[in-house]
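Let me begin by handing over the structure; questions about it come next.
Lettered A, B and C in written order, each chain numbered from 1.
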Amino acid sequence: MISPTSPILETRNLNIYYGDKKVVRNVSLKVPKRTVTALIGPSGCGKSTILRTFNRMNDFIDSFRHEGEVLFEGTDVYRSKTDVTEFRRRVGMVFQKPNPFTSSIAKNITWGPQINGYKGDLNELVETCLRKAALWDEVKDKLNDSGLALSGGQQQRLCIARAIAMDPEVILMDEPCSALDPQSTLAIEDLIHDLKQNYTIVIVTHNMQQAARVSEYTAFMYNGDLIEFDNTSKIFSQPSEKLTKDYIVGRFG
Amino acid sequence: MSQIDSALGANRVLTGQDMSMPQDENRVRASFAVNLRRRQLKERIFFVSIFSATLVALAILVYLVASIAYDGYPYLTWDFFTNFPSRFANKAGFKSAIYGSVWLGGLTLVFSVLLGVGAAVYLQELASKGRISSLIELSIATLAGVPSIIYGMLGLGIFVRFLSLGRSVLAGALTLSLLIMPVIIIAAREALKSVPDSIRMGAFALGATRWQTVRDHVLPAALPGIATGVILAMARAVGEAAPLILLGALTYVAFVPESIFDSFTAMPIQIFNWTSRPQPAFHQLAAAGIMVLLVFLLICNSAAIYLRSKWGAKKR
Amino acid sequence: MTSRSQKWAPISPLQRWREKLVLKSLLICASVSVFTTLGIIYILLEESAFFFSHVSPLEFFFTTRWAPLFEPRSFGILPLVSGTLLISVGALFVALPLGLGIAIYTAEYAQGWWQKVLKPTLEILAGIPSVVYGYFALTQVTPLLQKIFPNVEVFNAASASIVIAIMVLPTIASICDDSLRAVPKAVRDGAYALGTRRSEVVAHIVVPSALSGILASFILAFSRAVGETMAVTLAAGATPQLTLNPFLGVQAMTAYIAQVSLGDVAHGSVEYQSIFAVGLVLFLMTLAMNLLSQFIVKRYARKYE
């Protein structure tokens, strides 16, 4: 069952519409702190949509509409008086396709903190974040090179370092390895394992084995509904719902 | 469907004759053969006509440049660049026009870039879709088609008279800036549009505001494309004469501007003035002036082409 | 874990205010276009109103003598309008077949290397300022015409038409090229499968499909020809007359405006205001044509499912 500590992220009776199309139906989900939670399900089930409501990245889609509540540390992110940019500082995101800025590697890391008024040592920040992202040794001699000069796996780790630089409470990952080769994928899964000590991680993945490897809790979604949410070990060995079982076994998806 | 049937079909499409009765088969075969020859002839005529159209375009360009070079070359002396206009063709020079165009161009560059790029950034990146945005876009689309002489009328009414700027370089530059502003806005918007959205999303996810994202990431990425558009717009502005005539750019100017409030002339105006004179010597002077103008335009266009190729390589 | 989110301050009111300031300034930049449009309309209407308080609109629009600077004065705009139209229609006569022909060639026939020559050629032709075309008309085209047709005057409409045709040629060629390319390959393939030759496919199938874009390009080119000043001033002259003979000199609306501006006409006089009245007519004509061109594209553009 779900851990008793208060959830850092939560949705309550969340319905999401793109125009007239309902893509998320009445989902109530609690994400525990300092854990890795995976959202799995077939294409179009709504898992990425839910992920993107946590940091309001769905705002950029014109037809987006929602009902219900989306809570971060108990505050509804949509109805609070706090500026959305403040939420986005504390809930970071890594995207499916690595998207480092075209500026230097160092600038990638320092830009976010700088525009938010960071007062510490920037060089130290760069080193700390790159170490945490297991990228320091590979790039320490070329911090002024463009972020785009790195390989795909390295770019994604740079994006993770960039997210970490903001010192968020949560890191949202939207299929972070789907554009990467198997070695980079493993490197990032190891990274997630290290990161979860300090950050809450929510990862959307269509790779079930990945979910089984990295996460402690798993939510299975199908066609906009949350079918089952439980410890990962239980979901993958003894799921309560038949639909979950069929998906795990590979009957569809 | 047999070959005859499809030929019949095609034949009917193209000649309007219906020959689907079986006893006409031989007639069809014969007429089809005749038709084929006729159609081959038509094809050749068609091709020759459209190919000659392209040859005509090329020939015109070559003839244009060659005749101007031939006329103007004798007058491209050092004196031409250092003298002021004069009643005597052999003493006349292009100096005041060149200086005037430089002053005008520089000032126009400043105004039009600030206004045009600013407007483009607003419309493309910062504005929410609403009535104000639609109104602005409607205005830009309308302005893009207004003849340049009408901008001259606007400049006359507002800058020369209402703001009492007189026949000054400042009034001229403001008018030309308004003229090329729609061009710059359209080009800059295209450049901004081509910056991939993933960069913006990455910046927003870090808690950046729209302006911070545009200022630090989108604008730098769009810069080559914007610069290309600005250069081409400036090339157009430097070649404009009609609005300046309305504003009162003088055609006999024996001095160079020393402040933005001074009167001025410009290269196209001087060329116009010399062309209007009856004496052939002045026509040759005009040709020399045209060569200077065209060289400047050539430089602008080459710079734009170079930038465009660099920008195209960056786009991912 | 060390205290989070204390390493930097939350967004200060000053920052918020600065962001708003930037937004407002850029909005003002964008609004300049609205003010420009309104300014143009206002100036044209205001000065024309003064003009029409001295000259009756009936005389302006329906009489056929334009002599604002001589005695007896007459303000019938029809000669100017006919001058403009004579030149512009003449220009389109030449530019239409040439432009469409070039577009057909580049869209349907051309190989790479020829295109590499043609495209810059057209761009250069488009970028040459109109004074240069005026010069070219006066010094090269008119003498050439006079050699072929001895009764061509020094200032004549045909010369202006020819150089304006060259000026609008790139516009027509480029828009028609786009429209032709927009016709899907599937449509062409269907026609070829019937055993038709390339010219027939192009002439009977592709061009009719692209007709709305082609038509729009013509109207746009016409609008540009009507608004053209320097070339017509230099080539066609300053004699307003109602004629269909392209070998005579005529005065276009734009040329009249330029003529008055170059002279010493007192501000506030009827002659001065007449240029705004003519300008108003010019503005409305080009506006109508631009709107028509947009309407045609929107309404009649074929949607290929």
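In this section, a contact is a pair of C-beta atoms (placed from the backbone, for glycine too) under 8 Å apart; a residue touches a chain by one contact, two chains touch by 3 or more.
Keep in mind the model is a prediction, meaning the values are calculated, not measured.
Comparing chain C-alpha centroids with the centroid of the full set of protein C-alpha atoms picks out B as the closest. The chain with its Cα centroid farthest from the Cα centroid of chain B is A.
Taking each chain's centre as the mean of its C-alpha atoms, chain A lies 48 Å from chain B.
Chain centres here are Cα means. That of chain A falls 54 Å from that of chain C. Here the spacing of chain B and chain C, counted between their Cα centres, is 12 Å.
Counting partner chains per residue, chain B has residues 209, 212 touching two or more of them. In chain A, the residues that reach two or more other chains under the touch definition are 85-86, 89, 116. Within the complex formed with chain B, the chain C residues making contact are 19, 22-23, 25-27, 29-34, 36-37, 39-40, 43-44, 46-47, 97-99, 101-102, 104-106, 109, 114, 117-118, 121-125, 127-132, 134-136, 138-140, 166, 169, 173, 194-200, 202-204, 220, 223, 226-230, 233-234, 254, 257-258, 261-262, 267, 275-276, 279, 282-283, 286-287, 290, 294. Interface of chain A with chain B (complex): residues 55, 57, 60, 62, 85-89, 92-93, 95, 97, 99-103, 111-112, 115-116, 159, 162-163, 166. By the touch criterion stated above, chain B contacts chain A in their complex at residues 129, 196, 198-199, 201-209, 212, 216-217, 220-221.
Across the complex, chain B meets chain C through its residues 6-7, 9-10, 13-14, 39-40, 42-43, 46-47, 49-54, 56-58, 60-61, 63-64, 67-68, 71, 114-116, 118-119, 121-123, 126-127, 132, 135-136, 139-143, 145-154, 156-158, 161, 178, 181-182, 185, 209, 211-212, 232, 235-236, 239-242, 245-246, 248, 251, 268, 271-272, 275-276, 283, 286-287, 290, 293-294, 297, 301.
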